[in-house]
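Two complexes come next, and they have one chain in common, chain A, joined by chain B in the first and chain C in the second.
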Partner chain A sequence: MTQPLLEVRNLRTYLSSGGRTVKAVDDVSFSIPKGETFCLVGESGSGKSISALSVIRLLPQAIATHPGGEILFNGQDMLTLPEASLRSIRGSQIAMIFQEPMTSLNPVFSVGEQITEALQLHHPTMSDAEAVERAMLALEQVQIPKARERFRDYPHQLSGGQRQRVMIAMALACEPELLIADEPTTALDVTVQAEILRLMRQLQDDTGMSTLFITHDFGVVAQMAQQVGVMQQGKLVEVGNTAQVLRQPQHAYTQQLLAAVPENLARCRPRRSDFSPTMLTEDVGLKSDLPALLSIRNLKVWFPIRKGILRRTVDHVRAVDDVSLDIPQGQIVALVGESGCGKTTLGRAIVQLEKPTSGSIQLQGQELTGLSARELRPLRPKMQIAFQDPQSSLNPRLLVETTLTEPLKAHGRCANHEERIEYAAKILADMQLSRDTLWRYPHEFSGGQRQRIGLARALVLNPAFIVCDEITSALDVSVQAEILQLLLKIRAEHNLTLLFITHNIGVVEYLSDQTVVMYKGQIVERGTTAEVCGNPQDAYTKKLLQAVPRLWG
Partner chain B sequence: MTEMTAHTVSRDSFSRRIWRKTWQGVGVKLGFAWVGILVFMGVFAPFLANSMPLLMSKAGVISAPVLAYLTAEDVLVLVMLVLALVLVWLPLSGAKRVLLFVVGTLVAAVMANAFVKPPAVKIYDEFRTPAYTEVDWRIMPLIPYAPTDYLRDYPEHGLEAPLAATERFHLMGTEENGADVFSRMIHASRIALSIGLIATGIAMVIGVILGGLMGYFSGVVDMIGMRLVEIFEAIPTLFLLLTFVAFFGRSLYMMMIIIGVTSWSGYARYIRAEFLKLRKQEYVQAAVASGLPLSSILFRHMLPNGVAPLLVAVSFGVASAILAEATLSFLGLGLVGEPSWGQMLDQAVKSSTFNWWMAVFPGGAIFLTVFAYNLIGEAFRDAIDPKLSRNAGVGS
Partner chain C sequence: MTKPFNQGLWNKALRRLRRNKMAVGSAVVLLAIGLLCVLGPLFSPHPYDEIYWDSMGIPPNAEQGFWFGTDANGRDLFVRTLIGGQISLMVGLAATAVSLLIGVLYGATAGYLGGRTDALMMRLVDVLYALPFMFFVILLMVYFGRSIFLIFVAIGAVEWLTMARIVRGQALSLKGRAFVEAARVCGVSHFGIIRRHIVPNTLGSVIVYATLTVPQVILFESFLSFLGLGVQEPLTSWGVLIAEGAAQMETAPWMLLFPAGFLAVTLFCLNFLGDGLRDALDPKST
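Let's turn to the complex of A and B:
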């Protein structure tokens, strides 16, 4: 086949709002042959989604203009087609699936109705019975268990992975030639992601359609794409064969991105002795002689489910169910598991933001459970928490100065305000932020900078122990690499013990000394990171590790 | 798709950004302009419309009769304006400004009541006798008639259309008793403003405290609080006002308190919802984890972030409080001595003939004031609404 299915030539997409024009897509060219997958990869804001939306012409015309370029789909230029012809192409010949499975299905229609509607829109002659039959076939095709019974289910009755499958079924029902998938697995757990990716590859083999796949994850690229394009600030900096780009990146930016992937970081991780000569030079295992900073015994955090008029407790959600764990002094313990496994609840319960149902948590021999808010207050500085979302982790109304000095003041640290400001500036310097950061508001910073400020807030009270709750999950891979390197540095400088909650196995391998795997509220496996990741014993851990999309798999 | 545009750095605080966005529209500027005019008229009413000279010189002695006749209320309002201007000029934090203003106002109220003793009897006719007219020079107010100056020295005079009288100048005519309508309008603006602001202020304080407690503690406190809210929502304000007027007579302050005490439930709901949401926000959790005291968590970390929707409710609340007073006065149950817009409308209706100037001016003023506050409320709502501010984004 000589003519590619989709050919994008010198595409430019400018977005203008409030008098400013942003060159969201700037002179981008690529082509997708029939039956192949092209991956657009890049950091947030690089223009990869805008490129995809330009192809299907879904950008709001009020703010988006295309000053140049052409998008040839089967030889037709999408940029010049009238809206009516576009509508007949969308859905039937080009279909799209989105990132968020929660919001891309209409909650008031059953999944079957949504698929049949899409079918009958593009095939007006199709009878109801035939449409239903085709929809059921589509649901079976995406391997939803008991597809015929689930036909009348509403989106809220399905899990995230199943919803994404329904989205794919809907996109595929009309047998499109091109599927645009905009980060379809980003919101999913890694095990579910592996299933969806496998399904998409299989469907592609069966139907022979082409895919434009957008992602920020090089592991996914390695698994899915024949061709890959790397985007940076609206420009396509490198295009090529996937294996070639991943192994021998030519462009400096691609090299930088690939170097920042945790998997690659881990390969060149400096030994701990580089940071602090006083600490043990070899990796420490679960040695009993290492003193436990924090010990958790039979911890349960159950949330009651109340029903009826009298709000009687009928059952419990067992978020954390009988967990015992020792966290040794000076170690980074990674807590991994998929969403809903209770890892965040455990982290919050340790710092007493969640009241445990039963069990004991001892920090340096001091029992924490059962204390009143007043009794806890003097203990709070010893243990801190850093959060996932850079948007909501800082108070938008307060200067960074207030955020950092207020806890110092509340605990009577430092003699006066000037000293507190000096101390806060010193902590910020540790986080590689300048002193004038103090006099700014959170909205003036980027996500990575905000996470550093969040870490600085956790550090000002000079804690012995910090819970890091997915602190890099919302960040781009290069920013994540910076934060992880910073964490290793401050761990050595401040003699910190960290509980690092994450779902990213690459990060675990790079950062942690020990790994704890949680599944359904319970710990299924723990040990040194090398042991757990290299030679998993538990069935769930094995499944989890296998599901991780690897660059070098 | 995350933020498409590069990260824009602006050095403004959150409140200033909200304010800037609010200030963008034309409507809100008109609204604030009208409220500004009302404030000016309300504060300087005795100097704008009065029967006595502002300043006069007789036989070399310079005197200011208007100052001698200032009531405690007049003085208090003046002091409040000066206090507000000084506080805006001083570099203080918002909370301190509010606190100082409240304390200053209370002190001024006590002092004014203790020390300002205007003459008990005012005979306005006297100011048109030679004792006041045959002087070296004198400065009269813009409208040389007090609101309750019925011009008894012009016996043939009564109801007059605007500009009908030849020897006197009545821009908006006179009412049945012969008092100048424009003068009454100016003095009535003080009532309209004060009832709106004070009644809403009372409601807001109660609403914020109860709503905040309900939202932060949730559980049982929330359940009891919400039942209280429902009880208060069931009370019809207007009929309660009628009952109280029937039992205890007419008093502006009683009206303010009743309107305030019955209309806090909406504010409490707003603040409760905000606090329920904010409680789980990560920066609030971080404040808890840092061991900050409860007062700081509530008032520094939660209230400033939750107060924005209240601004919207407050501007609509002020409008509805003004309407409630106007309704009551229109029903003839408002104040007796003092003019108010509602009472002036009532006069217009009860008069045997239809006199347009008695209905149009107070009616128009009520309409414009309510309209102005609604414009301000709308602008605040648009500025705060995150959906509208994000409309530059693309895709999901």
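Let's turn to the complex of A and C:
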């Protein structure tokens, strides 16, 4: 067997700050042969990014130390090389692309200039004309349409997917032997992700480079990698051939992670017949017989685009454009679509966070649009919303107790504060959180716990209907699985109707009874989840479903 | 029994503040200066406006009871420094408190309500900004006659504008945060949201700005006094004493050093205390 391109042996990376030392990477060994892809997969904080940054030696030396191990790249140990030689390796032999395409490009230079700069840094003798020509070729190589015209464009003029293509073009311009990709598609829509992944595979075939691919998504692993390593708390708990690891995981943690993937959750979900009678009728396709809890007619939410000194309205962004939808009592309706399709705006309009331009929204027969804040207040408890970002969904300066009792107080529920606290504690117990959660601040909790507190706040008013806006998108798969299971439990206990906004098809298949697909502000397809996901009719739905990276081929 | 709003926050903040030695030290020094300014003159053998014709501009001298020396007019500098401190601290703290109260409420309301209300409220601020300050003060003096109280009003009326702008900017970004929207969906009133969700989250920058405002106001007051619009002889303030002392710097440095020293120590302590308070009020700091 020939020597692998990259061999990491017993790597340790310790991060120290403020007197504390964290073993971010602890005795990790793996190797990548020429032309192959190795995936590092794990939950946030498992040390996968730190491992990758250690390989390219990009960690700040003030806090990161490597008390042990070797990183052999083409036979030389990256850990002992001086900074000058490292710099000549970075970019030209090892290139890196990052997760966030907006922040990894410099907004004040055109994309062409940035690629040209990267080229000339590593080939100081290259003439300007040649560098420009090479950069154009690189842009064409990553299949940016009309690459030559886009050369002078600035990053903000490109879409997220195009920006990521530019990043790849920049990384590949110097023909590196190893590409380190740190969650390159996590911030992208699933259809765009599919295109980028396809492009990366193709470029790898063309150039014969190796890739160290970091992701948290097992679907992506299945598509990209020959070898996979699973990380947990800085340790590599399992390494092996991708198909083998995914099908017959040996380590308990890998098994647990794989079981939490929504696609696999769907397999463990009890059969429909074990569920409530409403589910049965739904299964037979009688969904129209269920009384509609919420009905939306011809809803439009347009945002004006204003120009000039007088801020005259010149045009509108049609975020939601003529949508009609019934949400039946007791159902979980999934709303899917790519970013910018208007799904979040629709959810926000339903709970009256956005004022609709026209159309009607009726909750239990009561018209919601056109009501003043005062008229709306008594109706507020019936419908609630839970948000995506666990960081900003709770007020950092309030005790959880205050956050949970505030809505009760606003509506004059319970006789006194003690009763309100008791009630809040009961709801927290429903969310499987202990009572002392009440007396803590949000920053003391993990992302998953914060999402549960956010859900508890939505539940304290005992609503009939909750909009869940991507509530699991920022969470790790295992935490996501817990939250989803919890949602199913409380749905039954509280007799809830849910509108679950998401872009994750796996979650939709696991959780929802009905699915609604939105595209460019309009509903393109709706039906029971089994129908929509199993036999999509609309062209966009088909494309969306095909783009989902699947574990099982 | 109902728990008052945010009692937990303040209790914990106090506990955190106590652990910050710099802040506690500063608070002690500030308190000492305050007490000295209030009580000191009572124990001094010399009244602040008595002129000793035989001892003009003499250096510090414990035998005669002139611990800080006398000024060019032969008045005891120790008592005058403390009396000046009373005025300066009072003006500084009161005007800052007024500007805090108005500025924070105004800014938070404008930023949170947004849209046309915000535009109207902030244009009013712009107009007030554009008014020449001196003109404004002179107008006040002409109408209402001269008094210490008017100095508070005049300075407070100007200082709250900047505070309102700072708070409004923060409120604008806060109102888009999910927890504010959640509160709206829960049916919490506008005032409740401003009070509980907007204002507490602006505290960090508000406190830092407030500690910067106090020295600014003290200097402002000395400027007004210098022009003859502020405190009048024989009453005095640190700003006035420093201005007088600066004129005699080469021949009688103590006239500058004592009041300036008091002012500098006060400002130092305020800054440390402000930093400490900001950290203490942030639940994230342990």
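General remarks:
Assume the second predicted complex is superposed on the first by the 537 of 553 C-alpha atoms of A that agree within 3 Å, B and C clash if a C-alpha of one lies under 4 Å from a C-alpha of the other, contacts with A are read in each partner's own complex, and residues count from 1 in each chain.
Keep this in mind: contacts are C-beta pairs under 8 Å (C-beta built on N, C-alpha and C of every residue); 3 or more make two chains touch, one makes a residue touch a chain.
All values reported here derive from a predicted model rather than from experimental measurement.
With the two structures aligned on chain A, chain B clashes with chain C. Of the two partner chains, chain C is the only one that A:His417 touches; chain B does not reach it.
By the document's definition of touching, both partners, chain B and chain C, reach A:Asn395. Touch criterion met: A:Gln99 reaches chain B, while chain C stays clear of it. Comparing chain B with chain C, more residues of chain A are touched by B. When the two structures are aligned on the shared chain, A:Val351 is found in touch with chain B and with chain C. Within chain A, the residues touching chain B in one complex and chain C in the other are 348, 351-353, 373, 376-378, 380-381, 383-385, 387-389, 392-398, 402-403, 406-407, 410-411, 441, 443, 454, 457-458, 461. Residues of chain B that touch chain A in their complex: 1-7, 9-15, 281-294, 296, 300-301, 304-305, 392, 394-396.
On chain A, the positions that touch chain C within their shared complex are 348, 351-353, 373, 376-378, 380-381, 383-385, 387-389, 392-399, 401-403, 406-407, 410-411, 416-417, 439, 441, 443, 454, 457-458, 461.
Contacts from chain A toward chain B in the complex involve residues 15, 17-18, 20, 22, 24, 44-45, 47, 49-50, 53, 58-60, 63-64, 98-100, 103, 182, 348, 351-353, 373, 376-381, 383-385, 387-389, 392-398, 402-403, 406-407, 410-411, 440-441, 443-446, 454, 457-458, 461. Contact residues of chain C toward chain A in the complex are 1-3, 5-6, 8-9, 177-190, 192, 196-197, 200-201, 203, 281-284.
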